[in-house]
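Two complexes are shown next, each including chain A; its partner changes from chain B in the first to chain C in the second.
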Partner chain A sequence: MWPFIARCLEVATIFLLAGIGELLDQRSGVLNVGIEGLMLFGAASGFITALRTGSLLVGFIVGAALGAVFGFLHGLFSITLKVDQVVSAMGIWIFAMGFVTFWMDKYSGPLRIPSPRIGGLLSPMFFFAVVLVLVVWFILSKTHIGLKIRSVGEDPSVAEATGINVVKIRYLCVIIGGLLGGLAGAFMCITYLGLWSHIPTQGMGWIALALVLFSMWRPPILLAGALIFGVIWQFGIAPETLIPGFGLPLGVCRMFPFIATIIVLAVISTPRFRRKWGLAKPAALGQPYIKE
Partner chain B sequence: MKLPKLKLERVLVVTGRDAVKISVLSIIIAFVVFSAFILFEGANPIDVYKCVFSYAFDPKTGLPTMIHRSTLLLFATLAFILPLKAGLWNVGMEGQLYLGTVGAFAVAYAYGDLPSTILIPLMLISAGIFGAVYGAFAGFLRGKFGVNEIVITLMLNNIAFWLLHALIMPPTGPWRGIAESQSRPLPVSAWAPTIWRLPFTVVLAPAISILLFFLFEKTRIGFQIKALGSSQPAAEHAGINPAKIAIFVMAVGGAIAGLSAYHMWAGDPSFRLIPRPDAYKGIGELTYWGIMVGLICLLNPLAAIPLSIFVGSLREGGTVIVRRYGLTYGLDRVFLGILFLSFIALQFFYRYKIVRKKKA
Partner chain C sequence: MSVLSQKIIDLFGGRKEERSQLSEKFWANLKHGEVVLEARGITKKFPGGVVANDHIDLEIRAGEIHAILGENGAGKTTLMNILYGLLKPDEGEIYIRGKKVEFKSPLDAINLGIGMVHQHRKLIPAHTALENIILGHPKAGKIVDIEAAKKEVQELCDKYGFKIDLDAKVWQLSAGEQQSVEIVKALYRGAKLLILDEPTSVLTPIETERFLKSLRSMAGTEIAVIPFITHKLPEVLSVSDRVTILRKGKVVKRLETRKATMEALAKYMVGREVLFRVKKPKVKKGKEILRVENLSAISDRGFLALKGVTFSIREGEIFGIAGVSGNGQQELAEVLAGVRKASGGKVMFEGKDITHASPLERLKMGIGYIPSERVRVGSIPQFSLMENIALSLYFDREFSKWGLLDYKRIREHAEKVISEFEVMAPGIYTRAAHLSGGNLQRLILARTIPRTKKLLIANLPTQGLDVGATEFVRNKLLDCKKEGMGILLISEDLDEVLQVSDTIAPIYEGKFVDIIPAEKARKEIVGAMMTGARAK
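Moving on to the complex of A and B:
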C-alpha cells in the first residue's frame, strides 16, 4: 500500500513541476502547448547526463537547463518574432519527438542508479514541488512582481503604459516555465521510470497542460488536481496493487487518466460551472503582443 | 563602405506569393542547416542527399513503400488542414487512424467471407465513420462548451492507442493472433487490390485533395469555414453557427484520417494485420508530420500532394542512409524538425519586412 501511495505522489510531482511552470507561462499570457516537448528534452538530456556522469543531481540540472533553452526558443518565436503561439509550441513539440528519437533511442534501457528516497519510498523532489507551488502561488497573488505578471497576461498594452516591460516579464516566465518542464521530464526519466524507452512521457505533458486549464490558473487547485491525477495515473499502470485481482486488461486501465481528463475538462467548461466558479483565464492568453 | 540603414516595417496583408516564398525559403534553410549536421556526423551531405532521393524514387527499391507512406501522410495532412481552415487544431490524426483501424478490422473479421467488391467498400465506410465519430466528439466539445480541442484530441489519441493495445494483446485481447502481440491477419478478400504494386487507395487521397479544394473555393460551406477561421465574431454576426461548423470540420477531418487506416494496413503487403504496439505507434507518429506539411503548404490541399511526397521520400530514403553510411537511425526526423523550426522562425515575415531606410 505505501509503495503505491509513494509512486502516486511521484507522478503528482511530475504533473506539479510541469504544471506550475506552464501556469506561470499562461499567467503572463504565453500559451505553451509544447510542454510535452520540453519534458522530452529534459528527460533525454537528464537521462544521458546521469548515465555518463553517474550523478543524478547533474542530470537534473542539465535536464532543467535544456528545458529552459527550449522555453527560451518558444519565447524567441512567440514574443520576439510574434509567431502564433500554438504554431511555435507545436513545432518545438514535434521537433522534440523527432530529435529525441534520433538522439536517445540507441540508449534505451535502465539507468541502474537508484534515486535517493525518503524511507526508501518517496523522492524528496515531491516536497520540493509542493513548496514550489506554494511559492509560485505566493508570488503571483501577494507580491509586486506577481501583480506585474498577471497584468501582462491580462492586458499587455495597459501594462506597458504603466511602465512594465512586457517583453522582459514574458521572457522570464517562459524561461522559468521551460526550466520546470525540463526538470519534470528529467525527474520522470531518472527517478520515476529509471529507464529510457521510446517517447517515455506517454502523454504526461498533455495531462499537465490539461491540469493547468482545470486549475483555472490557480496554484492550489493545480496541487489538488495533480494529486488526484497522480493516483489515477498510477492506478492505470498498476491496478492490482490497489485492488488485488483487478480484472481489466492493461490497455483499458491505461485509458483511465485520459478519459478522466476529458470528463474534467468538459465539466469545467459547461456554462453552469462557469457561472458558479468563473474562469480566471488570462485575457491576453495566446495573443502575441504587438506594439503599435 | 557605408552600410545601408535597415528598419522593420509592418506588413498588413501577406500576398500569396510572399507566403510561398517563405515556405520555399524554409525548405532551403533546412537543407543548409542539415548539411552542417551531416558533416558533423562525418559524411558528405551531397552524397547523402543523392542516396536518399535515388533510393526513394527508384521503382526497384523504395518507390512503392515511399508512395504508400506519402499517401498516409497526405491523408493526415488533409485531416489537419480542413479543421484549421475553420480555426480548429486537429492534432488527433493518430487517434482517428487507430479508430479507423478498429472500424475496418471489425467489419473484416465479422464478414470475412463476403466477396471483395462488397467487403472493401464496407471496410472503408466503417473506417470513415469510426474516425468521423471520434473527430466529431472533439468538435462537439469545442463547439458547444469551448473546451480546448488540442488537449482533447491528444487525450483521444492516447485512448485510441490503448484501445488497440487492449484489442490485440494477449491474454484477453479479442483480436489477438497466433504471433506474439499482433492481431489476427486480415482475410484475403479484405486485401486492397493493387495496381503496379500500389493499393488503389493511393488514388483516393489526391481525389480528396481535389474535393477539398473545390469545397473551399466553390461551395457555401467552404466559404463559411474560411469566414469562421478568419474571424469568429464576424462569422457569428453573418449568421454562421460556429458549433455546427466545428462539428462538421472535425467529423470530416476525422473521416479522412479514419480512411487512411484501411490504406495503411490493408494496402501494404508487409502488414495486412495490426502489428505490435511499437510498430503501429511508429506509423501513428508519422501522422504528426501532417501538421508540419499542412502549415508549410499554407493549408492548400493541392500543394499538400507534392509536399507529402517530399516528406515521404525523406522518411523512406532516410532508412537507407542508416545502413549505407552508418549514420544514426532517425536522422530524417531531425531534418524535418529543422525544417519545421526554420519555417516557424520565418513566420516573422508574415508580420514584418526589412526595408532600407530612406534618407530624411
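Moving on to the complex of A and C:
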C-alpha cells in the first residue's frame, strides 16, 4: 500500500511542478499549451546529463535550464514577435516530439542511478513541489510583484499606464514556467521512471495544462487536482497493486487519466461552471500585448 | 559620494522610489493660487491637415477648478493628451511651477504629480478597488500590507468625501464609484494636478452631485483640477472658478465663471445661439409597429438584468426610457437589436414574431440600432469612415451586385450623409480611430438614421455630444418621428426624455416603474421613479 501511495505522490509532483509553472505563466496572460514539449526537452537533457555525469543534481539543473530556454523561446515568439501564443507553443511541442525522438531513442534503457528517497519510498522533490505551490500562492496573493503579474494578465494596457513593465513581467513568468516544466520532465525521467523510452511524458504535460484550467488559476486547487490525478494516473499504470486481480487490460487502464481529463474539461464547460470560470480567467490570457 | 550616486540615479532616470520623493520635494511649499501649470503656444497638427491645437495658452493655479469647454472636435482631448505626455506637441512649451518640462511618456507626467482620469475607465475589473489603487506604486511595498494600505487609502477617501467599498471588485462598482477609484488612485500617487476628461458624462444625477462636492473639497486644498466638460453647462457654472473655451483648436475666450451665463458659454462654444429646448411636432400616431411582451434577459455577469417588460410603440411615436445606467436598459436595447438572446418573452414587429431573428434580418426589416458603446460596438476604428458606413449598406441590392460592392454608389452615399450629419473629418478615407469622441457619435448616427425605415433603437444617442450637436440629434429624432418611424429612446438625461418623448417609461432594476403619457409626466415624479419610488 505505501509504495503505491508514494508512487502516486511522485506523479502528483510531476503535475505540480509543470502545473504551477504554467499557472504563473497564464496569470501573466501568456498561454503555453506546449508544456508537454518543455517536459520532453527537460526529460531528454536531464536524462542524458545524469547518464553521462552520473550526477542526478546536474541532470535536474540541465533539464530545468533547457526548459527555461524553451520558455524564453516561447516568450520571444509570443511576446516580442507577437505570434499567436497557441501557434508558437504548438510549434515547440511538435519540434520537441520529433527532435527528442531522433536524439534520445538510441539511449533507450534504464539510468541505473537510484534517486534518493525518504524512507526508501518517496522523493524529497514532492515536498519541494508542495512548498513551491505555497510560495507561488503567497507571491500571487500577498506581494506587490504578484499583484503586478495578475494585472498584466488582466489588462496589460492598464498595467503599462501605471508604470509596470509588461514585457519584463511576462518574460519573467514564461521563463520560470519553462524552467519548472523542464524540471518536471527531468524529475519524471530521472526519478519517477528512471529510464528513457520513446516519448516518456505520455501526455502528462497535457494533463498538467488541463489541471491549470480546472484549478481556475488558484494554486491550492491545483494542489488538490494534482493529488487526485496522481492517484488516477498511478492506478491506470498498476491497477493490481490497489485491487489485486483487476481484470481490465492494461491499455484500457492507461486511458483512465485521459478519460478523467475529458470529464473534467466537460464539467468545466457546463454553463454553470463556465460563468464562474470566465470570471476567474485572466482577461488578457492568450492575447499578445500590442502597444498603440 | 551621495552627489555622485544622485548623478547616477539621474542618469538612468532615477529609481521609482527616488523619483516619487523627487516629486514630493518638487511640490513642497505649494501656495493656494500659485500658478502651477503654464502652457504656451501649444500647437498640434495631425496628418490630414487638421490643426487640433492652434497656439493654445493655458494657465492653471493651485486650488482652482478650471473648466475647459468646446464643441466636438475643438481639440480638448488633444490638449489634455499633450499635458499628460501621451502626445508630443509640434510647437509650444509646458512649464510646471515655472520649470520647463518635456514629457516622453505619461510616466514622466505621473512622476511629476499630474494625474488623469480618462473618459474610458482604465481599471482592472477583476481586481478589488484597493488593489487597483495601490497597483504599481512603490509605497505599497514588496509584500503588500493590506491593512496598512487600506487605512491610508481610506484616509484619503474620507478627506475628500469619496465613498468606495475598497474590498469590492471593480466590476461590482457603479460607474460613479469606479470614477472615484480612479481619482483616489491618482491622489494616492501624489497628484497635485488632476485632469478629468468629461468626468460626469457617465454619472447619475446623485453621483454627479457627490462628485462635484468632492471636487470642491479637493480644490479647498492645493490640488488643481481641470475638468474638460463638453456639454453639461450647469455643472460648469456651479463648480468651476474659471473657464477657457476652445473652438476649432483656438482659445476663443477666457473668463471667470461668476461672470458667465449658460447662453453666453454656449454661444462662445458653438459660435451661434443655441436653444436649450426643441419643439415637439404634433404627429398623428399610426398603427402599432413594435410589441414587446414580458421580455427578460440575462446580463453578461449572469444575473437577470431585464425582468419582464411589456410595452408597444406606434408609428410616429417616441417611446422614452428614462433610467440610471445599469437597470436593464442596455440589455433591452441589445435584445431588440438581436445581439443578445432573450431569456423569456416575445418581440413582435409589425405583427411578426422576431424574437429569434438575427441582427441582419432586423436591419433588412428596417430596424436601426444606435449602440451606446461607440468605440467597442458602434464602429471599427481601423476602418475608414466610408467603410464604416458601408457596414450598413453591403447587403443592399442598391449598393452591391453579384456580391461585388458598388464603391461609386457607396462613396456618394457616404459623402452625402457625412455632410448631412456634419461629421468633422478631413475626408471619407480618414480612419474612424482619428475622430474625436463626438464626431464618432455623429458618424454612427450618419450610418444608422438615413438607412432606418421603420424603427429606431437609440441607446444614449447624445452621450458625449456638445450642446449644438445634442440639439441637432434631438431634432433628427423628431424628424424621424415626422416621417412616421417608431423610436425607442434610452437616455439617462431626464430632460432629454421629457423633451422629445410621447410616452415615458422610467426603468428601475429591470422593470418599468410605470408607463406615462408625456402630457402627464412631471419631472420630479419621473425623477423619483428612476430611483425606484412608485407612483401613488
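Things to note:
Just so it is clear, the second predicted complex is superposed on the first by the 286 of 292 C-alpha atoms of A that agree within 3 Å, B and C clash if a C-alpha of one lies under 4 Å from a C-alpha of the other, contacts with A are read in each partner's own complex, and residues count from 1 in each chain.
Simple rule for what comes next: contacts are C-beta pairs under 8 Å (C-beta built on N, C-alpha and C of every residue); 3 or more make two chains touch, one makes a residue touch a chain.
A quick note: this is a predicted structure, and the numbers were derived from the prediction, not measured.
With both structures placed on the common chain, the touch criterion links A:T101 to chain B but leaves chain C unconnected. Of the two partner chains placed around the shared chain by superposition, chain C is the only one that A:A161 touches, whereas chain B remains out of contact.
Once the two structures are superposed, chain B and chain C can be ranked by residues of chain A touched, with B on top. By the document's definition of touching, of the two partners only chain B reaches A:S269; chain C does not. Contacts of A:G91 after superposition: chain B is touched, whereas chain C is not reached. Within the superposed three-chain model, A:S55 lies out of touch with both chain B and chain C [touch as defined at top].
In the superposition on chain A, A:R254 makes contact with chain B only, not with chain C. Looking at chain A, you'll find no residue that touches chain B in one structure and chain C in the other. Listed in rising order, the residues of chain A touching chain C in the complex are 142-145, 147-148, 150-151, 154-155, 157-159, 161-164, 275, 279, 282-283.
Of all the residues in chain B, the ones that touch chain A in their complex are 89, 91, 141, 145-148, 150-152, 154-159, 162-167, 169, 172-173, 278, 281, 285, 288-289, 291-292, 295, 328-331, 333-334, 336-338, 340-341, 343-345, 347-348, 351-352. Per the touch definition, chain A reaches chain B in the complex via residues 33, 73, 77, 81-84, 86-88, 90-92, 94-99, 101-103, 105-106, 198-199, 202-203, 206-207, 209-210, 213, 249-252, 254-255, 258-259, 261-262, 265-266, 269-271, 290. Residue ranges on chain C touching chain A, taken from their complex, read 16, 106-107, 110, 122-127, 131, 134-137, 140-144, 302.
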